[in-house]
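In structure tokens below, several structures.
The following pair of complexes shares a single chain, chain A, combined with chain B in the former and chain C in the latter.
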Partner chain A sequence: MQKNRQNSNTKLIRCPVCEAVNIDKPGDIYCHRCQSRIYRDIKYGTTKAWAYLLSAMALYLPANIFPIMLNQKFSFHDSNTIIGGVITLWHDGSYLVSLVVFVASVVIPILKFIVLIYLLINANRKKDKYTKRNLHKLHKMTEIVGSWSMVDVFVVALLAGLVHMNNIKIIAGPASTTFVLMVIFTMMSALSLDTRIFEKGREDV
Partner chain B sequence: MAKDSNINNELDKLIICPNCNTLHKKIDLPKGKSAKCQNCGVELYRNDGKILNHSLALGITGIILFILSNLFPLIKIEFFGHQQFVTIPIMIESMYEGGFYLVATIILLILIFIPMSILLLYIAFSILMLLRKGKALSKDLLIMLSKLLPWNMTEVFLLSILVAVTKLSSYVEIKMGISFWSLAVFVLLDVYLIKHIHIGELWDLRYRVFHAKK
Partner chain C sequence: MSEIKEPLVESSNRFNLLTSIWIVPIIAFFVSFALLYRHYSALGPKIEIVLPNSDGLEAGQSVIKFRNLAVGKILKIHIQKEGKGVIVVARMNKDTEEFLNESTKFWIVKPRVGYSGVSGLDTLISGSYIAMYAKRQSSNTKRKFIGEMQPYRDKDSGIKIHMISSKLSTVKVGTPINYKNIQIGEIERISLSPNGKNIALTAFIKKRYKKLINDTTKFWVQSLASIKLQDNRLDIKFTPVISYLAFGGITFETKFDKNYPLSPKKHIFHLYDSSSDAKKQVESLKSKVVKKVIFKFAGRVSGLRKDSSIRYQGFNVGAIKNVDIHYDSLTHKMNAKAIGEIETSFFDDANKSGLENIKKAVEDGMRAKLVSSNPIFDSLYVDLVFLKDANSSKKTMLKISKDGTLYFPVIDSNGSELIGSISALTNRLDQTLIS
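Then we have the complex of A and B:
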């Protein structure tokens, strides 16, 4: 065991469930502490991550085209897309809130798409120590930042629950479903990405 | 077999930074101090002598606040003499009535089921550790806990309330309800529980409870 620590060729990995350190070996690995299967197959995780990511990207388009919120004031109907909501807030003078919504529902999803594609493509390339570290950091960042996109959905649900009088109503629009699915899929994509891919070069994948 | 457990003991003295994947050797810390990653400065683990009491106390407080936040109005508005309010269940119900079954179900899971389960898991785990019982059960509880943690979004919801209020503020008069304040405190507790009590520390605690005396 003394050898293991000094031998830099022995790869150590972190169990994604309980964070225990385990020895990396080919095939199935079961964590010595929580006994959960750490990763089945390295390619399996990557394929899953791609699948979730592509579904999320496909859903992002309708989420932006269709209205996320419908206002009904007497006979006057008005619909808001995500971008429309941001612009309305800006015109109302709530610059900070408008910016928050813009970052949460436009910048974060697009950034996540770009980062996840970058991570998945770079996985197979040769890379030095620092690049590896940055890939790990980027991955951690996408995991943390992901849930903030839910802001728009929560806002629509809150307003729909709050404003429902006979003449004046706020109703959720079709984009809310696609948007919610988009957020869930990007989060699942980041979670299913196997971080071991960052450690390997082209030859041993 | 004996060799295996030796290796595992040796492995348990190591820790890999969750942020940048650098390998570190754990050292014994004085009480109340924390160890940070040499490379990126992220907190790795702490020596919190009262971790059990903290997680139990915060868990129970959290449950009380969480129930409060679900029962009472979050936001109240006044509109041409009409008073209306929204609670978390009403919000989900209105999405359901509007035909958005999927959105309603996801919000139900994220805002009620997951935070509630996380708190109950913390409480159940702390009680098991205090009683020094349930070796297998406590393991399952921790595994479930770490699977649920990424889906906790109460702090995002708090921000959403503020955004919703600003959206309405130019049209109607708004009052914040009791639930808003209890939710705000709940989020503080939640952030402390999740961000400051590392899942690895709970595993170490479990290990100390069941293996230390042998």
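Then we have the complex of A and C:
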């Protein structure tokens, strides 16, 4: 018991990369499992995430206004925005594809924005045990779901790569670039959010 | 065991504005707004064109071409609520701004198998498009246009002339107008004249051939084959160019003289059925005065038909337009009321109506008489002859009704014709014997 009590004085720290529990020693510490440096300060934890999130939101605007795919058939020039493509697919009767594209390119990014804003606002607030757990769950979810919004970009990239005929061309529009950047920035935002910040204020409870 | 002092680690939850990470969203905002600005600043004006129908145009795909360059795209097409057409909404390029003014015309181009080849073949693949014609002008800008029914042609590129014809035969929109078998124009539009009796044609003549047309010009439909009996020789001619065989053509003849001005705007040309029809007409350059004339014939009138000519000393001075036939119960004869048109100005050299001269001629014994032009086919024409023994005491007057219709006195053809011809024959014999 005595030993335990003594041991309880030793501080524990969680590796920000692999989440292994390490003993917090003064000086530089490296994770015993993944050898990455464990930093203690979470000074810019939310700032970075906010910056990336705002960048993502800024890029989401042109991603929806500009055409994502340019279609050239002989002298036809057809261009489709994300929403336009969803509507066209729906009218053509391919409801499932339309729904998949809609969820991947519209619902998920917007949901991610909302969740990240919620996380970042609540990160520094006082919270109880259950809220903390929920914040962790939400964060995990955004990380998992993040890459799935690339479906639309993937389709465009595939088509642009595959369709190479003399008179028929598919070209990735300007929106595809901004869309990719948007997805990358949301993923970076979620990653740069140091989840240890959720633990803050344990003492306050 | 050496004591290592634990470093004081301060953690901060403060929101820090002044970190280098904020460069990222600033660049992102800058880039995305730059993109949006470039997009919206490059947008040209939005215009509306009213067209009778959409004719294969597709929203989001069809383009507007100016000098064959795509300068606009059709955004949507919707039904015109007040009216019978459709409204085409299009986004134009920014550099067309100066060309959207009062002079701007729009029309739909679609593939057409025409009389001089196939036109608009490119539209078979690309679909129909809207063509635009405009003159650069920065004032009087317009955003709402009414589309043209047919391709618009610049007034400077040629002239438009009007023709009327009583029947259409082989003439259609696009029928070429040839001069010495070179195409110098084509029929642009065919419509029924307002009174429904004639066919009005609008033709386009290329600018460089403008001088070939003047007031003496006579147009006729090129026949595919013509058989002519001339100078005791039978001429059978076929039109040489194969396309006319299929589609026909219009040709013309003009007298070139400085005195004959070009006034096609005022002038409405007559489109004759054949070259012989055209040449038969009196070539008068005076302004024509045509009056309605009514003859009342009795007896054998069955050979008198619509388009039978009215002649004076061998010249055509008019034509019968309508023949009303009715039975007279008193005399048991067929009476015919022939309504025709007579060119009264023929009877006067000065630029007058010639009506006075006709009046005087009738007083001096001019009568209308039915003469057989062809004994085999029983066709008659109206000849204006002078009655030698005209009873000058019982002067017959030319009656003119209020609306200007002439009631021309007639002489009975059946009886007098034979006598007249015999007397004429004896006269002629006498003359030949004397000489």
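By definition in this document, the second predicted complex is superposed on the first by the 171 of 205 C-alpha atoms of A that agree within 3 Å, B and C clash if a C-alpha of one lies under 4 Å from a C-alpha of the other, contacts with A are read in each partner's own complex, and residues count from 1 in each chain.
One rule holds for everything that comes next: a residue touches a chain if its C-beta (ideal position, glycine included) is under 8 Å from a C-beta of that chain, and two chains touch if they have at least 3 such contacts.
All figures in this text were calculated on a predicted structure; none of them were measured in a lab.
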First (chain B), second (chain C), both or neither touched by A:Ile13: first
Which of chain B and chain C A:Leu59 touches, first, second, both or neither: second
Partner chain in contact with A:Met165 - chain B first, chain C second, else both or neither: first
Of chain B and chain C, the chain that contacts the larger number of chain A residues: B
Partner chain in contact with A:Thr46 - chain B first, chain C second, else both or neither: second
Touching both chain B and chain C, residues of chain A: 181
Chain C to chain A touching residues, read off their complex: 4-7, 9-13, 15-16, 19, 21-22, 24-25, 27-29, 31-33, 35-36, 39, 60-61, 122, 125-127
Sites on chain A touched by chain B in the complex: 1, 4-5, 12-14, 17-23, 32-36, 85, 89, 92, 94, 97, 100-101, 104, 132-133, 136-137, 140, 143, 147-148, 150-155, 157-165, 168, 171-172, 176-177, 180-181, 184, 187, 191, 195, 198-199
Chain B to chain A touching residues, read off their complex: 4, 6-8, 10-12, 14-16, 18-23, 39-40, 74-75, 77, 79, 82, 84-87, 90-95, 98, 100, 102-103, 106-107, 110, 139, 142-143, 146-147, 150-153, 156-157, 159-164, 166-170, 198-200, 203, 207
Residues on chain A engaged by chain C in the complex (per definition of touch): 26-27, 40-44, 46-48, 50-52, 54-56, 58-59, 61-62, 65-66, 74-78, 124, 174, 178, 181, 185, 197, 200
